[in-house]
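Chain nomenclature is as follows: A, B, C and D, assigned in order of appearance, with residue numbering initiated at 1 for each chain independently.
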Amino acid sequence: MTNSPLFELRGISKEFPGVKALDNVSFEIKAGEVHMLVGENGAGKSTLMKVLCGAYRADQGAFFHNGAQVAIDGPADARKFGIAVIFQEFTLVPYLDIAQNIFLGREFKSRVSGLIDRRRIHAEAKRALDMIGLHIDPRTPVHKLGVAQQQMVEIAKALSQEARILVMDEPTAALSDRETDLLFAMIKRLKRKGVAIIYISHRLSEVLALGDRITVLRDGRKIASLLPAETSPDQLVMLMVGRPVDATYTRPSRPTPGEVVLEVKDLSGPGRFSDVNLTVCAGEIVGLCGLVGSGRTEVARAIFGADRVSAGEIRLNGKRIGASAEDSVRRGIALIPENRKAQGLAVARSVGDNIVLVGLRKLFPSGIFVPRRAMKAARAVIDKLRIATPSPRRPVATLSGGNQQKVVIGKWLNADAKFYIFDEPTRGIDVGAKAEIFRLLDGLVHNGAGILMISSEQIEIVRICDRAYVMRSGRIAGELKHHELTEANIVRLGIHQ
Amino acid sequence: MSTHALVQFKLARVPGVAFALITLCIVFALTSPGFATAINIANVLTQSTILLLLALPMTLIIMTEGLDLSIGAVLTFSSIVLAIVAISTGSAVLGLFAALAVGLCFGTLNGVLVARLDIPPFITTLGTLGIAQGLSLVVTDGQSVVGIPRSIETIYSGTVVGIPLPIILAALAYALTHALLYQTRFGTYVFALGGNREALRVAGISMRGMLIRVYAFGGLMAGFAALLMTARLNSAHPTAGIGMEFDAIAAIAVGGTSFERGNGWLFGTLLGVITVGVLRNGLNLLAVPSSAQVACVGALVIVALFIDGLRGEQ
Amino acid sequence: MSVLTSKVVVRNQLAFSGDIMQTFYRVLAVALLCLALTALSDAFLTANNILNVLRQAALLFLMASGLTLVILTAGLDLSIGANVALSGCLAASVIKLTGLPLLGVATGIACGTVIGLANGVLVTALRIPSFIATYGMMWMLTGITYYYMAGETIHGFPPGFRQLGSGHLLGIPVPVYFMMLFLAIGALFSQRTIWGQQIYAIGANPIAARLSGVPVERRLVLVYAVSGAMAGLASLIILARINSAQGDIGEDLTLPAIAAVLVGGTSLFGGSGTVGGTLIGALLLTLVLNGMNLLQINSSWQPLATGIIILLAVWIDSRTRRISE
Amino acid sequence: MKHLCIGLAAGLTALFSPPAYAEETIAIFTKNLTNPYFQAVRVGTETAAKKFGVRVIQFVPTKPDSIPEQLSQVEDVIVKKPDAIVFIPVDYKALVPAVEKINAAKIPVTNITDRSAAGDFVAFVGADDYSIGLAVGRRLLNAMGGKGNVVILEGVKGSLTSNNRVRGFTDALKEFPNVKLLASQPGNFQRLNALQVMENLMQSFPQIDGVLAANDPMAVGAIEALEAANRKALVIGINGSREAVDLIKSGKLLASGDFNGFIQGCIGVEIAVRNLRKQPTPKEVMLKPIVVDKTNFAPYDTPVEQRACPTLEEVSTN
């Protein structure tokens, strides 16, 4: 590893209408190092990376490549210096095949002018895929791939651009453990090849395990740059949040579980999961874990009545349910879906509109909608969950990830549900918000609700849940009582032997 | 997986339209002696050419999650300009260029309004529809334009080695569009425009430029279709193209192109256009009352999409 | 955070004023148009002509108001014109046969509603894109109408029924009262009922709406049914006005209605727009036609003018929206 | 969905059993399914068909007055080779290619109502729109005592029918210098359009004494507008439709020029048949312009379905 920085940003500032996203931030990356970039949502990490790759133009600041000052006025320039980014929202085109996606914008010209050389594109793509050990036919249309595979394609795409500097924005967010290990192995390989990697993550364990250096951003400013050896999770969290936050959240004592709230018997959904049995009692949080794609979300949706099932029955307090989402809601089941933007929020509408949506029937039994009362109800929730918004009239799109998630949860507070399903409630949320959400879960169970929680982060399951079911390829692989609930056990059950 | 997967992925969309087409052909062949004759088949295909010329670019436009309601009116106006120029200069070629120019202008206008001013395509083209239609009426004062050099007529009625010229032209247009969509960067970016615009932005490609080109292509093809229309009527008429945009959209929908995520299928469009043509021709041969014919067209659209819907759920 | 929030408030006020501006620009446009016409034709600013414009706008608005709800859910109903034709013709023949205007009215509205329901089923149960489903429906309805009417005309209705379209109350044409009534109903329904709220939510994000327990299918069927019912009602007013029914009464009523909704500022992507805006849109389009007749401008210019107005209206919107952001 | 298709197939097959071309078949082309005039034509052709024991098949564009569609229908019909064709072009210029195709296919074609700009026809049967406009126009202006203000409601701009009728109106006006033409606006042959145009015109002109409408539906529209505004004016239309006759009876409509679709249909078919049977046929039959009013509406009061076709001689001799 050389000591002179491969690429350097000095005094970068970037302003958006309303927000100063970056304020005089400097940042450097050496060849063959993994540079961790951490900070709360809205701290400016993504903006900084978008500036680096030329998607945004900095208002102020300078770039240096191998010590020489350079200009980055667009993605083309960035690519010239071998900078490539893997964004959280994939930049893949569903109805093009893998190869075409990898070489999007860099298609090889065929001898016939104007046409593209598909054969060569596919050959090159094959090589790129082999390089990261992904063995899929490059002619497969991307919309047929799973999230993890799509991310692999993203990485292949980046590497095929001779990337010397690879930016990864929360690459593990959507990955199962096995896939995560694959990714880490690959990162180590790339390091050895001298590729510099900028790695954005909320998972402090990763940050400390994988990083050679850690830079902390907050409110668009650079707070610190330090080595993993000389820091601790708590310190990082404090730097990120700006105030001491109990990130290693430990769960307070729970009431002894009451009678069974939810009971699922031999539930089967064609091709998605089969013979699922599970129970959740009042006042307990039950985990549902397993690899991504093991059928967790599908089971949750089925319980909620969002998808049809082919066999089995679901009972809430003894009564059969699962006919339809509408019916479930009326009977007091809540689903906090996995994908906020796509499934949880009417992004264009105001915070207030979103919050009252679920509770409309309860708030206005007469069917007459009274804006003033709706606003009051919304404000109550906003205060209760400490959602950072000046007014319920604010478009929900303008909130940070954590606050949006709170809105999705807040929707259900007016509906006084008895049973909650949380699907990845902490994905893409910063530490501060995480702790608050966990506290919220506790509040719910203390009021006698039952909770089924899906999470890819075993550590969360272990800390929060009383029991957990582990799924493997569409079946319940086993149940873990509280005393046997350890990360090791979850992994052991979750992975094929 | 492998190519096999790709094939499946394409086949998955055939049935809606293919079944409709096959069924219709069988039914008509059985019920109407005149149907399965070389003359009639040539007749049907020839009639379908103009609609196909509109449906091809419309497919691309729809793949970008757009729409072009003005294409029929643009065809009308282009054909009027073509006629006027051809008459005044006596040169059909000049007329054709004029028509192409008009089409290109309207297409580009649509593109600019959509891409630069961010006006939703439906509204943009609803507006330009009015403009093109209005211009046609104002220029002609509702009269049809006649007296075009007879030479133009041969473009529609002529044949090459026994194959009607329009069919050859349409085939060329299809080949061109197919190559454009599947063999060029432009085509790749069309998929991206509907599927994931962020991908284009990151790849450093101007999506506005691409959008404008897509609509411009639509206008250009409308201008070209105007040539066939004018040749067919041997005159130009301010109502000739009214409602063709909807016929085209219907044919595309029947062909199984979905209106989301750049999920388009050009060959389906071809089948869709032919299916609509076959339906109308067959019903005419059977002398089915027009009122029933109208209903049948509606039924075809709904049935075809219903079948696709069924397959979608599988 | 503090930085953020403070900025946010400003932004919020702006965004808020953005909507105000939208409406403002439209009212302004109407006002300017009126001024221009007053200047150009002394016949324009007369009580009679104003009422006359309102009466003509009423017809357009009645169809557009129902359509507004559909478009709020990010859907479209291309069948309203054909719906008007069929409902009108059925109602007419019922009145002729039975001599009972009320029965005719019932038939017209019932027929319209049933067609709307059918659209709703196609869109929800069969999952056909509304654009295509209602386009197919349009063809089928037209076919049925042509078949049923066989090119004939039904004419001459009882005076009582005629009042619906051509009657006056306190010197104001009856259709205008309908317009006011349904403006009120539409506004209240969309803004002041939970169904209205749910319709907006569906338009903004159907998946989120479903997962929030909104009965998406039922609401969709509802809006299409309403749109159909309004078409049925409109058909009755047309009958009453022209005192006759013919297979083509629905022709070229659909696109103007859609235009009125869009010019009225309702977004095709659903979730934003108001019935009040649609009224302004209807007025704007009607004023143009009225003006052209008063100034005896060749009607060939009509589509041209309409097209330009549509583009202007929407362009101004996108401008104001960008300013407000 | 295979079943669905098979079902569809079965359905379609059942629906349209193949037409047996036993007796002579005559294809009739009309402009649209909505205007009563063309319905009268179709009824006329069918009545004549019964009379002469031939079979007529109706072809009507599904989109009213669609030029490309009528052209397609002609092309399709040629494939079927009917024995004869009776043809009303949607547009008298734009459909010339269709006529040429028919000629090329050697199918004898009789042109009725709108005289095609070119092509070989067995005969043309029509009534001269111009002279009808002139006659009915005179009727109105006389009734007005040769003075006052009038407006003209034109048909579809550019359509032959509208042009000639309006020309007739204006020439009639020339004979009455004291009558002032206030405005001439198109109502596209449609009620609602005519109604709204009339409403708007009444705003700009406080005094309208007469309305010349280029067809009956528009006359009806005008009458409704006048009634709604409690204003009086003499109104005339053209077509001699039953609707018009009722209004004449009730005194709301002054007169309607008889542009008799029924008879044109009859004669069109009769000539086609005679030609097929190698009997002599006239090259042209022009129906005499008749103005239907209170004095002579009786014959027009019977529904077309119940009328009998006049013979060729009758119409040519009178």
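Everything that follows uses one rule, which is that contacts are C-beta pairs under 8 Å (C-beta built on N, C-alpha and C of every residue); 3 or more make two chains touch, one makes a residue touch a chain.
Only a predicted model underlies this, so the values are computations on that prediction, with no experimental measurement involved.
When the interfaces B-C and C-D are ranked by C-beta pairs in contact, the top one is B-C. The chain with its C-alpha centre at the largest distance from the centre of chain B is A. With each centre defined as the average position of its C-alpha atoms, the distance from chain B to chain C rounds to 30 Å. Computed centre separation for the pair chain C/chain D is 34 angstrom, with centres defined by C-alpha atoms.
One inter-chain figure worth recording: chain A and chain C are separated by 43 Å, centre to centre, where each centre is the mean of the chain's CA atoms. Of all residues in chain C, those that touch two or more other chains are 142-143, 146, 150, 300. Among all residues of chain D, those that touch two or more other chains are 33, 62, 157.
Touching two or more other chains at once is no residue of chain A. The complete set of chain-chain contacts reads A-B, A-C, B-C, B-D, C-D. Chain D meets chain B in the complex at residues 1-2, 4-6, 8-9, 12-13, 15-19, 33, 57-63, 65-68, 71-73, 75-77, 79-80, 91, 93-97, 117, 156-159. Residues 1, 3-5, 7-12, 15-16, 191-198, 200-201, 204-205, 207-215, 271-272, 325 of chain C are the ones that touch chain A when the two sit in their complex.
Looking at the complex, you find that chain A touches chain B at residues 53-55, 74-76, 79, 85, 87, 89-97, 100-101, 104-107, 110, 114-116, 118, 136-137, 139-141, 143-144. Of all residues in chain C, only 41, 43-44, 46, 48-49, 52, 55-56, 142-143, 146, 149-153, 155-156, 166, 173, 238, 241-244, 246-249, 251, 289-290, 293-294, 296, 299-300 touch chain D in the complex they form. Across the complex, chain C meets chain B through its residues 78, 122, 126-129, 131-133, 135-144, 146-147, 150, 255, 258-259, 262, 267-269, 298, 300-308, 310-311, 314-315, 318.
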